[in-house]
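Below are structures written as structure tokens.
What follows is a pair of complexes built around subunit A, which joins subunit B in one and subunit C in the other.
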Partner chain A sequence: MNNKHVAVIGGGIAGMEAASVLARQGLKVTLIEKQANTGGKLNDWDHLFPDFSSPEVLVNSLATKTKDSGVNTVYNTEISRIERAGKRFELRANQDARFYADAVLVASGFNVFDATIKEEYGYGLFGNVITSVDFEKRMKKHGQLHTIQGTDPKRVAIIHCVGSRDAKVGNTYCSKVCCITGIKQAIEISEMLPDCEVFCFYMDLRLYGSKFDSLYLQAQKRHKIQFIRGRLSEAAERADKSIQIKAEDTLQGRPLRMTVDMVILLVGMEPGASTSQLIQKNQMTVDENGFLKSANVHCARNQSTQEGIFMAGTAICPMAVNETIENARSATTEIIHFFENRRP
Partner chain B sequence: MGICQALHKQGSFMYSDLNQRLKADVRLEEGLQACMNCGICTAICPAAEFYEYDPRSIAITVQSGNHEKIAALLESDTIWYCGQCMSCKTRCPRNNCPGLIINVLRKLSQETGAFIKSRMGRQQYLIVKSIGANILQFGYCVHPTSLVPATHPEQGPVWRWVYENMHEVYAAVGANLDGDGPGAMRKISPTDLKELHQIFKVSGGLKLYQTIGHFSQLKAIELGLTDENGDADMEKYTQYLLNE
Partner chain C sequence: MNDLSFLKPASRQIDFDNFDDRLLLYVLQYEPSFFTCISCGGCTATCSAGNLTNFNVRKIGLWLRRGETEKLSEEIQKCMFCGKCTLVCPRDINIRNVILLIKKRIAMLKNENSPA
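So, the complex of A and B:
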């Protein structure tokens, strides 16, 4: 097995974790990252749920593990094609670079939902409508949250399910991590600006993870975050740049209008942009949501529908950071089994 | 058997298989696939801002299949508040359309006679009598000659002047009132009117007019609005509805 070569596509946390585990098992591993740095989307993130820890620490430790285990990391290289070449795979990159591997692990991640598609929420039109990703970027860069007028917001509305569970944008699935992200960000705003009222507009609070519900309790009890069950129909900018929002308080059965200083849209996860390219020239397929399809959703989650090509992380479906890392490790086990069971 | 009892008996008979009758309407298939109670329809609904009206709860009631609750909806003012703007269709994340669900409920309320149980529902009679008659007589839903100032105070004082100088006013704004040839408010040809009548006949529109008339007569009798023979006096009933 030691002479086998695995190409890992994507240097986010899934790719880094899997690459380092495989290398420690004695495999030759090439980690191929399209950007100049590894770490992927976490490089823009300020704090992680549920423990408010720093993604930077996590990314750095994964980078160290990757380097120390002997992974060959290639930067600024985007794979556009995975083609079977006999028993091996040929990977082609944008600038004619080619890689050969005995197995491929696709850890190409997800795309953030483009909130301008939900035009009625005014993202890109109104300065005080931002996304959860913008919130993290601002917090990381400036450590504070200001309205476009430069003032401290007194009222913030956090909108759940933007680009998720919505047939109108073609995404009927739940992105799963947005509810807890919204609660985390609500708490952060409340800690930073104790006089600021924060409202979460949700349909169902899907707090599936360990410790997620206690964060919800903390948000209500300690931070007085208000949760309103209703989906936003639209947002409109007023003359003073505040935002008027409309929803139904479905638990009261009453239509509701509210004026807030800022709106944060919890944008969901979509299949990665490169997914459609990567499934050409091989037998990989996508599931009904457009994510990479597993050979078996229970017992072969990390196996694609093409033998020899494996998957890890959010290329399979939306998942949180800890699940992504666990999922990457489970992919390595499947790859090792693949080599062990293969006839020479 | 008293008329009220007869009405009740007929009503309970007509109320059988409500769910099946709702589902038989293709508009329900289009309008209600599965509702997840998010309330975005109520949030966008103009009627919900003015009335005690919640399209989400209507969708949920129909989805529940609860016979009593559906029957109560058919007899309520609620289903008549919708202005059919279909804004709900543009927003629903499940591609439902409460506006279409309302259409189906209204039709069933008309067919079963449930509409005479509510004030807003009883207005169906006035609508058939005015717009319903206009469309067949003139080919227009609203025709200036039918907007008599005495019965249309909502038109305001200027309307009286327009009404009295109708032909001059319409000619002055470039319309061709009751004239042959092209132009706004032109006369609709007898051939086209005949065709329109045929469409109403074949599509069941005329039958619906009759059904609404029939149940409205029963309501008039129930209210004691009768002539010397004990028959429904629909002029009295019209006045009753206008003052209700």
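So, the complex of A and C:
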């Protein structure tokens, strides 16, 4: 098995974790990252739920593990095609670079939903409508949250399910991490600006993690975050740049309107942009949501529908950080089984 | 005679055993998407009629599911058929058509019940 070569596509947390585990098992591993550094989308993130820890620490420790285990990392290289070449695979990159491997692990991640598609929410039109990703970027860069006028917001509305569970934008699935992200960001705003009122507008609160409900409780008890069950129908900018939003308070059974200083849209996860390229010229397929399809959702989650090509992380479905890392580790087990059971 | 009806008041319970499905089955036949409603309230929030009167589109759907034919036949008159509810629905339900179908079916039922 030691002479086997695995190509890992994507240097986010899934790719780094899987690459370092495989390399420690004695395999030759090439980690191919399209950007100039590894870490992927976590490089823009300020704090993680549910413990408010720093993603930077995590990314740095994964980078060290990757380096120390002997993984060969290639930067600024985007794979556009995976083709079968006999028993091996040929990977082609944008600038004519080619890689050969005995197995491929696709850890190409997800795309963030483009909130301008939901025009009625005014993202890209109104300066005080931002996304959850913008919030993290601003917090990381400036450590504070200001309106476009440069003032502290007195009232913020956080909108759940933007680009998820919405047939109008073609995404009927739940991105599952947004609910808890919204609660985390609500707590952060309330800690930073104690006089600021924070409202979460939700359809269902999906707090699936074992520590998520205690964060919800903390948000209500300690931070007085208000939760309103109703989906936003539209947002409009007023002359003073504040935003008027409309929803139904469904538990009251009455339409509601509210003027807020800022709106944060909890944007969901979409299949990665490179997914459609990567499934060409091989037998990989996508599921009904456009994410890479597993050979079996229960017992072969990391196996694609093409033998020898495996998957890890959010290329399979929306996942939280801890799940992504666990999932990457489980992919390495499947790859090792694949080599062990294969006749030379 | 003393009026003793207060001793046996009408029940407030939703009675699923005597469920009036005459409207629901008709709507589902022509607009099956209606069954996917999750009561998010987007329709009510944007509703032109609901901002001025106590009309609530989401509750129209709930009453339809519970067979509240009486309530519906009165409430449904408030809809102005502007169609904004349909534009915002995340389940892509043609709500405007649901209201239209309820109206049609109520008219049919009235004709059936009126003496020839």
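By definition in this document, the second predicted complex is superposed on the first by the 344 of 344 C-alpha atoms of A that agree within 3 Å, B and C clash if a C-alpha of one lies under 4 Å from a C-alpha of the other, contacts with A are read in each partner's own complex, and residues count from 1 in each chain.
Just so it is clear, a contact is a pair of C-beta atoms (placed from the backbone, for glycine too) under 8 Å apart; a residue touches a chain by one contact, two chains touch by 3 or more.
Just so it is clear, the model here is predicted, and its values are computed rather than measured.
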| item | value |
| --- | --- |
| Superposed partners subunit B and subunit C on subunit A - clash or fit | clash |
| Subunit B versus subunit C as contact partner of A:Glu323, first or second or both or neither | neither |
| Touching partner for A:Asp213 - first (subunit B), second (subunit C), both, neither | neither |
| First (subunit B), second (subunit C), both or neither touched by A:Asp287 | neither |
| Subunit B versus subunit C as contact partner of A:Glu237, first or second or both or neither | neither |
| Which superposed partner A:Glu56 touches (first subunit B, second subunit C, both, neither) | neither |
| Where subunit A meets both subunit C and subunit B, residue numbers | 120, 161, 165-168, 203, 229-234, 246-250, 253, 255-256 |
| Of all residues in subunit A, those that touch subunit C in their complex | 120, 161, 165-168, 203-204, 229-234, 246-250, 253-256 |
| Footprint of subunit A on subunit B - complex, ascending | 36-45, 48-49, 54, 56-57, 91-95 |
| Complex contact set, residues of subunit A against subunit B | 120, 161, 165-168, 203, 229-234, 246-250, 253, 255-256 |
| In the complex, subunit C residues that touch subunit A | 38-47, 50-51, 56, 58-59, 84, 88-92 |
